[in-house]
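Structures for review follow.
In the two assemblies presented below, chain A is common to both, partnered first by chain B and then by chain C.
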Partner chain A sequence: MIRYIFRRIPSFVIVVALASIVAFLLPRLAPGDPAVQMAGPDATTEQVDAIRHAAGLDLPLVTQYLNWVGGIFHGDLGTSFSYHRPVSELIAASMESSFELAIFAAIIMVVLALVLGVLGGTQLRKTSRTVLDVINTAMIAMPAFLVGLILIVVFGIVLRVLPISGQVNLSENFAEGIKYLILPAIALALGQAAVIARLLQTSMLTTRGEEFVDLATAKGASPARITFRHVLPASLNTAIVALGLRIGELLGGAIVIEAIFSRSGLGQLAVQAVNSRDYFLVQALVIGAVMIAVLSQLTSELVTAAVDPRVRLDG
Partner chain B sequence: MSVALAAVRRKNINPTLRRYLQALRFPRGIGGLILLVILVASALLAPLLFPGGYDQQTSDSLQGLSLAHPFGTDELGRDIFARSLFGLRTDLSIIVVAVPLGMVTGTVIGMLGALSPLAGNIFQRVLDVILGFPGIILGVCVVLVMGAGWASLVVAIAISSLPTFGRLSRAAMLSQSQREYVIAARTLGVSRATIITRHILPNAIDPILVAGTVFVVAAIFIEAGLSIIGLGIQPPQPSLGSLLNSATRFISQSPTYIVGPTVVLFLLALSFSLISDALNRSVNRP
Partner chain C sequence: MKLLHSKRSAAAVAAVVVAGLMLAGCTPSGHASSASGSSAPVRGGTLTVGSGNDAVPGFVLAGNQSNWSWERSVFQTLASLDAKGVPRPVLAKSWKVAANGLSIDVKLRDDVTFSTGRKMTADDVKASFLDTLNPAFGSQLAFIAKQFTAITVQSPTELTIDFAAPLPNIFDFFELTSIIDPTTVSGLANGSKVIGTGPYAWQSWTPGSSLTLVRNANYWGPKPYLDKITVVTISDPTALVNAVRSGRVQYAIGMAGIDVAGFQKDPQYSVVQTTGSLYPLGVDTTAAPFDKLAVRQAVQYAIDRKRIVSQVFGGLAQPTTQFWSPGTPGYDTALNDAYAYNPAKAKKMIADAGATGASFTINVIGFGSNISAAQIVQNNLKAVGLNPTVNVLPALTFIGQQAGAKLGPMFMPLHGLGFGPATLVNLVPSLRPGNPSHFATPEYVSLRDVLAKAQGSAVAPATKALGTYITQQAFNLPLVYAPGYVVTIPALRGAKTTALSYADFSSAYLGK
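== the complex of A and B ==
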């Protein structure tokens, strides 16, 4: 197992390192000088130079990059140009909203994926299977923002049962906060859950053809026991891997969902940072998103390897 | 359409084209195509239908759905139906440029990668990095460099399509290059460039084309996503995504605002997924 972990780490490090270079270079490729922007329209050349020097932007690119990466390990992400506050402080302020959304959406995603997947992986009558397939396909085909818009129309405008814009942090008022979370979290989770459910369904149906399932049937195990004790554990592999990939997608989708439901989370912060060319803020957010995406991918691979020795032994 | 179908039946056209046209024999293929033709036609005819263009302001702002304004009016009293059709034009113009661009670049990258192991490894790492940027974040990075607008949407969509096409073409290339006909051509002394373009490419193109039609749907959603967060097409020019952006801002005053753009977006995505599904079935027929 440990050997497997060590084998997987280099590619993870390479992707994160390359992504950090991309995240670092991108804002600097853009035309325009942030120091001039920060200094305002009436600033003298000396003032602009002073600002540039204070932000370390007059150093060679390689030095700037190394300073930034070195800072990350000390928890120093630089200072935002537009807010004049440390980037780590800004991120911390927006983090609660985004994390609540992501975690709530991830819970819905896992539960829904399991329910739909197990349901699809059991023997069903033809009509029930068709209905399930249609629901599943529709869910896969719709992007999160479309689901979000439909939910807004149905639950926020026609039925008027749930709030459709704004947020209340769970730490302030749990019951009220959940109400604000339900629609965006469902919007975010639905499509991703359908993808995982589809994979789980396929692998469960394949597993049902295996001999150990026949053996269990022959021994007189109940259908429920066969499904949950024999078929499901042997079919979770692909679903777990997909889960890791989907968490990254969840993150990307969250930016748009936050905009639609007017939640002020990390996504909104990122949009503002891009609009104001806030180098350090953008860098930190991009590399953070990439790291979470790649880490969740790695974690799911490790979990798969831990569950199934075939994975860690070959290749 | 019926002419095309008749030609298919008479079997007197190019066999490759015939295989693709057979997608029209599936109900979903013909349905998707009809839907797409209607959408494209109304997008092309938009300047004729609405000579005033997409920026014609009136005093009736934020009206609901009515006969005069099928999709209602927006915050400046502009007809949302007209704006949706012009928005559809924007979306189609992005798709027409971005998807083929990504398809060609990705295919070339994948094939070069299959030719030399070193180049292949480098390209795979690059594609891994692209895949590491989840969803819309890649687009956000492109906007950061190029500024929001049509061009950065095209680039963002093309770049995010590279992993799909790069991997598909590399896989196709590797599997085809061991086939007898390639070995035969090589033995006959045909040059490597000719083998790739004249022999391998026609046999490897099917999955790439199908993936292309599938990716159009993704492209539509990338445009919409970036425009919804305000980093796509900028006002006053409409796109389906930028219409949704303003619609969400006025959602409590005029809930019906989002209906029109959502319907058009949905139909556009639906038409391409129906076509890609039919195409996939027709090329994979035994």
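== the complex of A and C ==
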């Protein structure tokens, strides 16, 4: 497994290097000028030019790119045009919120996916399966923002039992922080859990047709033992890969859910950065998202190998 | 002056944006106040303010909508314009304009301190005024400071400002320009040191998230009631509404008109009107077909302003053709009907001018209300024989092109109402020299200069004359005026809004 990880390093480096070029060019290809943002809406052309020069935005693109990459190797991600603070400081300030939400949502997602997936992958009566399918389909069909708005109206405005706006970091007040996480995490997790559950369900139903399951049945194994000891482990591969990708997305920032629950996470930071053409901030967030995606994929491969003995990473 | 206004779509993005800047002018609704009931003021408590835009402390010398929620709690100015546009002393004690109008002597209060405890002096005022000339601070009124030939500190509490020419709009400058602590000015942009003389002190700021102000222990004036003010940034319009309805926020700034309407009839909330925005339609007068006056006027006859008011603003706006606030001396109500909707007349004028079928692009700043209004404008113009195409530009792109006067044949910007007309004509991009209409006839320049120098009783006729000329030339005319709104809870008492739409919590308290 160690050899496998080392073998992946070159591709990891290449992906990040290419991502850095894309991250650098992307915000510059979009219309809009950060100097205009910095100068304010009533600024004259002369004021904008003066600010553009002071920020080094009139340097050749290659020079700007090399300066940025050189800074990264020295631990300097640059300074935000909008906030005049180090980009690393801004990201660190938003990271806890996003990570807490991602982890909490991931826990809900895993639990729900397993429950629904295993239930769906079990032999059920027709009525039970219909009910399960309806629930699963409804969860898949409802976008996260809609779930979020329904939760806000019901639990935040009508019943007023849970906070629907803002955040308290768990490091500051764990109990209070959990209250602020419940609704956005559920909104994020429901749809994702249903998708993974459907994958798991399909995989389990397929696995049940395998000969080793028939053998276990013939040996008198109980249905529960067959499900959890034989069918489930052999059916998890696809779900784990999907789970890894979903968690990677969550860690990158849940833009819509953060917005409607007024949480200040990486997603909202990215939105602000894009809208104010805050180049260094956008670049760092894009690179970060790419790295998280790559690491998530790698992790899911390792977990798959650990769970399923048929998978051999070093082979 | 706010020249950009964050609306629903902007926030959706961006965010947006950022936002925008907005300085407002003196309107009858200026100095709006929340409920002032009879209950005795209550000391203590934390007020949570919701704002669609994050603070921009580096722009405290500019007019900036992002700072409406907190700036007047931390920073003060020499004077403040009252509801009638009359300057009232704040940090200044008195002033005297020279008989020839070429200088002003200002006496400062001798008891003012910054939140650090250091006494404010005339040198601090001078430094703040000079900082407005630095582009990094983004002051829209730098053009006024450029008219200062000298700022002479006579004593720690006295200074004299000499002008190159009479400056009747000097009090607009006083109203806008916050007095900052020059020893900590380098900490403004990143929010590490934000030191002012106001009733509350800047305690902490998490960019994009929240800002905390606490009672200024060194405040020179009456002790404020609240212990703390927390300003939370909520860029999503729906989230801002929900934050108010769930009780998290007690004072919301920057809510879209359509959302405000939902609070207006609800007794659990108070809606306070503040100075609003103008939605103009401009054309490039140097290119066909809008180089012809008849076509420009026909365009104005073709626009159904009342439909825009009704369909875009839900009735919370009014048709207008003037760049000044209703109630401004010289504001001519009759001008608002100068181009009453008359598509038949417009169609004939366009045909007579040989412009039927002319194709052109309408560049629109990418905010929700503007985009919706542009659809109506496009529809109206097609109905009279023109062939426009709407092109929505991101706010930053639009502003950049506006600064360079490159907005194309037709455009729809967004302007805040600002100060007095004398300031506006040199400030509003649609009117100032180098405007995107490229309109600079000798008569226009002359009328603008007369207004810029008008004082006292001469202001009203000069304003009316210029307004009449602008309306007649139709190179750029507002379609509607939409007031701004603040949503509060009735328990919040004593909160005020300045003439420039900044929140004033110096006397605010949370009652029962």
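Structure notes:
Just so it is clear, the second predicted complex is superposed on the first by the 246 of 315 C-alpha atoms of A that agree within 3 Å, B and C clash if a C-alpha of one lies under 4 Å from a C-alpha of the other, contacts with A are read in each partner's own complex, and residues count from 1 in each chain.
Quick note on the criterion: a contact is a pair of C-beta atoms (placed from the backbone, for glycine too) under 8 Å apart; a residue touches a chain by one contact, two chains touch by 3 or more.
On a predicted model such as this, the values are computed, not experimentally measured, just so you know.
When the two complexes are overlaid on their common chain A, residue A:165 makes contact with chain B and with chain C alike.
Of the two partner chains placed by superposition, only chain C is touched by A:54; chain B is not. Applying the stated contact rule after C-alpha superposition, one finds that A:141 touches chain B and leaves chain C untouched.
With both structures placed on the common chain, the touch criterion links A:269 to chain C but leaves chain B unconnected. In the superposed model, A:251 lies in contact with chain B only, and not with chain C.
Look at A:152: by the touch rule set out above, it reaches both chain B and chain C. Look at A:9: by the touch rule set out above, it reaches neither chain B nor chain C. Of the two partner chains placed by the overlay, neither chain B nor chain C lies in contact with A:111.
Of the two partner chains placed by superposition, only chain B is touched by A:290; chain C is not. Residues 30, 149, 152, 156-157, 164-165, 259-260, 262, 271, 274-275, 277 of chain A are contacted both by chain B in one complex and by chain C in the other. Against chain B, in their complex, chain A makes its touches with residues 11, 14-16, 18-19, 22-23, 26-27, 29-30, 141, 143, 145-146, 149-150, 152-153, 156-157, 164-165, 248-249, 251-253, 255-256, 259-260, 262, 267, 270-271, 274-275, 277, 282, 286, 289-290, 293-294.
The touching residues of chain A, counted against chain C in their complex, run 30-33, 36-48, 50-51, 54, 80, 82-85, 90, 93-94, 149, 152, 156-157, 160, 163-166, 259-262, 264, 268-269, 271-272, 274-277.
Only residues 125, 128-129, 132-137, 140-141, 143-147, 217, 221, 224-225, 228-231, 244-245, 248, 251-252, 255, 258-259, 262, 265-266, 269-270, 273 of chain B touch chain A when the two sit together in their complex. Note for the complex: chain C touches chain A at residues 1, 3-4, 13-18, 20-21, 54, 56, 58-59, 62, 64, 135-136, 138, 140, 189-191, 206-210, 232-236, 238-239, 242-243, 245-249, 393-397, 399-400, 402-404, 427, 429, 434.
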